[in-house]
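Below, each structure is written out as structure tokens.
Each of the next two complexes has subunit A plus one other chain: subunit B in the first, subunit C in the second.
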Partner chain A sequence: MAVYKKTYRPYDGPLTPAWRRVAVIPRYAFDDLRRSRFLSLFFLASFIYPVICTLLIYVQHNASALELLNIRNASQLISINATFFLSLLGWQSVMALFLAAFVGPGQISPDLVNNGLSLYLARPFTRLEYAAGKASVLVVLMSLMTWVPGLLLFGLQGYLEGSGWAGANIRFAAGLFFGAWVWILLLSALALAVSAWVKWKPVAGALLFVIFFVSAAFGTAMNAVQRSNWGYLADISYLVGSVWVRLFEGGARTTSGAVFFRVPIGAELPLWQCCAVLILLFALCLYLLARRIRGVEVAR
Partner chain B sequence: MNGVRMRQVAAVFRLEWRRTTLSKRAWWIYLLAAAPVLIALMHWVTMRGARLSHSVGEDSVIYAGLFLFLFLRGTIFFGCVGMFSGLFRGEMLEKTLHYALLTPVRREILVAGKYLAALAASLALFVPSAALTYLMLGRHFGPAWTDYLMNGPGLSQLGYYALVAALACVGYGAVFLLCGLLFRNPMIAAAVVWVWENLNPFLPSFLKKISIIFYLRSLCPVDVPAPPPFSIMAIETNPAPAWLAVAGLLAMAALLLVYAAVDARRAEIDYGE
Partner chain C sequence: MDPVIELDALEVRFGGRPILKKLSAALIGRSIGLLGPNGAGKSTLLNTLLGFHRPYSGTARIFGMDVRTHARRVRELVGYMPENDAFIAAMSGVRFVRLMAELAGLPPEQALERAHEALFYVGLGEVRYRPMGTYSLGMKQAAKMAQAIAHGPKLLLLDEPTNGLDPPARARMIQLIREIRDRGDLRLIVSSHLLRDVEECCDEALILKDGEIAAYCNLEEERRSNLRFLEIEARGEKREAFLAALRELGCETAPGAQGRTKLVLPSQMEIRNVYESAAEHEVELRRLNHKRDSLEDIFLKAMETADGRL
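This part shows the complex of A and B:
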């Protein structure tokens, strides 16, 4: 064929349906993650706590097991109440944080470092779809770690307890589901924003820990030094914990929040302030993400 | 060490100093070092001239808690993760490590130069941060604070806190330099070390001693008990004597560095990994 005939011809093969394009990114990402032995082991290990909880629920409702353990009153063993489900959510959420610190930094930074973003965005694929595809990797994994086992345990307890327990305690199920989503959305946005702005993966992972743990220490230090509660506004774990406590218990508080997400009784801040700070943080992450995910690059 | 080796260490030190400090990439480490100073500054500004409801002694206990929970377990720890684990792994990711390895310099010298540069940078950031925070936290007491510093235990406490901050940089620096050399993702190792260090108050005595925080806590002039509800799970152990804590930490850092140097001698680059 003559060279002058080799002009541009658009691709005329079959196109992936628009609704399925967003699934392309997680498909490859999950393939990558499956290859990491450490991540697979960590993911499996994160289900140890839900398995223990399952056993506790089962033992509490199994007469022969109780006889074997010589426990007459099952409620003496453990109470399946708000504290039980809050502890589960708190523990699993910290596991999700560790997972986000290991998986999150590898989502966007390699595309930016290797100038690969334009290759994505040159296809019929929007920035939003790109970000949603990257976030979906974290969202799916963290959902499997948090609200999915939580709701399964709630279902098991409701089934074994019977006589309207699930209906009477539907607040726990709602708390598990919506509480986990608050954490998942915030953590996904944080992880992607950090991944977009910090090109070195280990540093990006460390930054996620810094944001979570050092902000908590910073908030507590500010409270101690200033003898006030305003430092909690800088403490992400407190802010999320406040939302959870309200979701699980409404206005009548009896617990001091979840493990790692403590909200000491008597040190409450207005819920609207906690929500406002969380929304601000989420919006900031989205803004940072939008600034970096662009199909053009200015070379200086 | 002869003159040539010293000059080589100094050259590596200069290069690494320029790379690790004064770089835009380290903004979050500067923020970490500045955060406690900002808290103390805010305390000074808001309490100056106000009717005081607390004493100098109370503020010194507050500082002890702040030093343990914010400095040792937060800013210094994560600052060292950022500074030291990137010494080799960072260059690996930037595909620039072969330039250093191709120079006629022994690998041990490379390790020593890099470690000293990051150590100097971390000392320059975190020791003044700890000292400034201490000095500013009680500044609003005016002459009473000056008296506490000059005639009371203030200056000696300040010296101990500065020493502990410096030793924390030495110890954690050596640990994370080695992590950066040994692991592809030093974050995983850092997370394990962090969990271990935070579990320290709840560990049996003999396990407590296999950590850095135990020796650092032993040197702190004011003891801070674990806050409730964790206090019921904490296991009390006698602190290590000061000489043992200092010597032990320095010896452990030296051992880790020797191991890092030995490992660096065998190190091969595979940028495709």
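This part shows the complex of A and C:
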């Protein structure tokens, strides 16, 4: 009907299935992100490190390329081992933190500022679906930055190395995948919880960094004061690093974690305690989200 | 007509305090007004129907479906215009309405088409590409209406639709609601504390007081019965004889304010008989009104406490 007729008419056309409606929120969010030149450039820049790693793997298997530059024993200069993949995961996870700080605060707070949330939830749409839709934006972007390039590089290395390398080092792939998911889920929950409670986007973004770096500083200070390692329980990067090291190397560890996710050798805490604190933090974020994602605020 | 909303001993509590107290009613009108003073429970009832509040006991059904067990299906059928501001400041009007229509289940192309139509319909056609944060209060109200109707609901819940509007904007909003009502494609629930809004838009009124139903009436029937109520202002030397003649014809008369007289016409008597009697007695009829404050009377009566105070 032409809009100039300006009459109301009922809708009797087709309806989308319920599962497709969950995808509406991320679709609109990605559309918003695409319009931001800064975020697009940042997202592209986040692939610089994986590209460098690709070159390193290529060079390691193509010594002739370095021999052209008169570099001998090139294959021994670069080791594709747990440290290599842990460093990749570490760098990419820090990039993911920056991305979460830029993108996360814009997810829920604009819907809360002017009570737009009540309109979302007045639709055939649950609170869980709303939160999942918002989280999926972060999860997809951070996956593309972390475990997706990680597994591609693992595949490349396995292909070039041959002779069962991938099978012998499948722990690296599992570490990349599950380690990245630990970080992605925690960071997504943190970013959404901060977005739900802090309406001013720059402050919410800064708060994510504060949580990450201040917790590390606080943990270190606690250790210094108490002359123990228990302060690490307050250090998110240490906790995540502990899980990563275990995933990559099992009980026989040789590395001290990844960049920004250091786990000094000799200063380990029991893994179950690290996991318990991470789960507790995740649950706290979900609780904070559940408190804010409501159709109406009730003054009791 | 089938009931649009059925309440069966519906009780809602916040922190142990009952807000809606065992409401039971079957609302069958095409356009139903929810009336009551602030804090009576109007918005709480609407929010409960939308599933925002969980009933403590009892049930509420919309088109026969329990709002708790069939929440998703119920929300597909409902369009909701909340009382307070509800928008996303950075979004343009058309993108916002399209998003809401898509969330209600419309495919993207149809949602876009309906968003344009709805915005033109509510008078925002020319500003539909502007960010909603730049809209005036009246525009925001209209945009809320647009998102409520864009997906073609079967039931429209309007919570204080004229809130904060200036008189011309209010008149436009009322006109819009009446047009939607008169098309007959959907049912309306209009929550308001303004009697005039309800009187102009609704054919039934549910009056709430302190979380309880104080009255439920059919305004159409009230209006029809009020056709027998007149208020006249008569001038002339034979005024008393004129009134006596009306009484002989079966009218009940009672003195009103400012020298006016209230009349209740018997069923067989027409207004024409009043004019004829006035002409016979050479009396000037300066004013002849149908009694218009029926809803106000009903409301005030409903609000009266046992000791007669409001």
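By definition in this document, the second predicted complex is superposed on the first by the 278 of 300 C-alpha atoms of A that agree within 3 Å, B and C clash if a C-alpha of one lies under 4 Å from a C-alpha of the other, contacts with A are read in each partner's own complex, and residues count from 1 in each chain.
By our rule, contacts are C-beta pairs under 8 Å (C-beta built on N, C-alpha and C of every residue); 3 or more make two chains touch, one makes a residue touch a chain.
Quick caveat, the model's predicted, so the values are computed rather than measured.
Asker: Touching A:123, do we find subunit B (first), subunit C (second), both, or neither?
Answerer: second
Asker: Mind working out whether A:102 is in touch with subunit B, subunit C, both or neither, as first, second, both or neither?
Answerer: first
Asker: In the superposed arrangement, which partner chain does A:114 touch: subunit B (first), subunit C (second), both, or neither?
Answerer: The second partner, subunit C, only.
Asker: Which of the two partners, first being subunit B and second being subunit C, lies in contact with A:294: first, second, both, or neither?
Answerer: In the superposition, A:294 contacts subunit C only.
Asker: By residue count, is subunit A touched more by subunit B or by subunit C?
Answerer: More residues of subunit A are touched by C.
Asker: Can A:225 be said to touch subunit B (first), subunit C (second), both, or neither?
Answerer: After superposition on chain A, A:225 lies in contact with subunit B alone.
Asker: Can A:183 be said to touch subunit B (first), subunit C (second), both, or neither?
Answerer: Neither: A:183 stays clear of subunit B and subunit C.
Asker: Can you name the residues of subunit B that touch subunit A in the complex?
Answerer: Answer in residue numbers: 25, 28, 32, 35-36, 39-40, 42-43, 46, 53-54, 62, 65-66, 69-70, 73-75, 78, 81-82, 85-86, 89-90, 93, 137, 185-188, 190-191, 194.
Asker: In their shared complex, at which residues does subunit A touch subunit B?
Answerer: Those in contact with subunit B are residues 38, 98, 101-102, 200-203, 205-207, 209-210, 213-214, 217-218, 220-222, 224-227.
Asker: For the complex, give me every residue of subunit C touching subunit A.
Answerer: 14-15, 17, 43, 47, 50-53, 71-73, 75-76, 78, 80, 82, 84-90, 95, 99-100, 102-107, 110, 114, 116-117, 120-121, 125, 147, 149, 151-152, 179-180, 183, 185-186
Asker: Hey, which residues of subunit A end up touching subunit C in the complex?
Answerer: 1, 3-4, 6-16, 18, 21, 24-25, 28, 110-111, 113-116, 118-126, 294-296, 298-300
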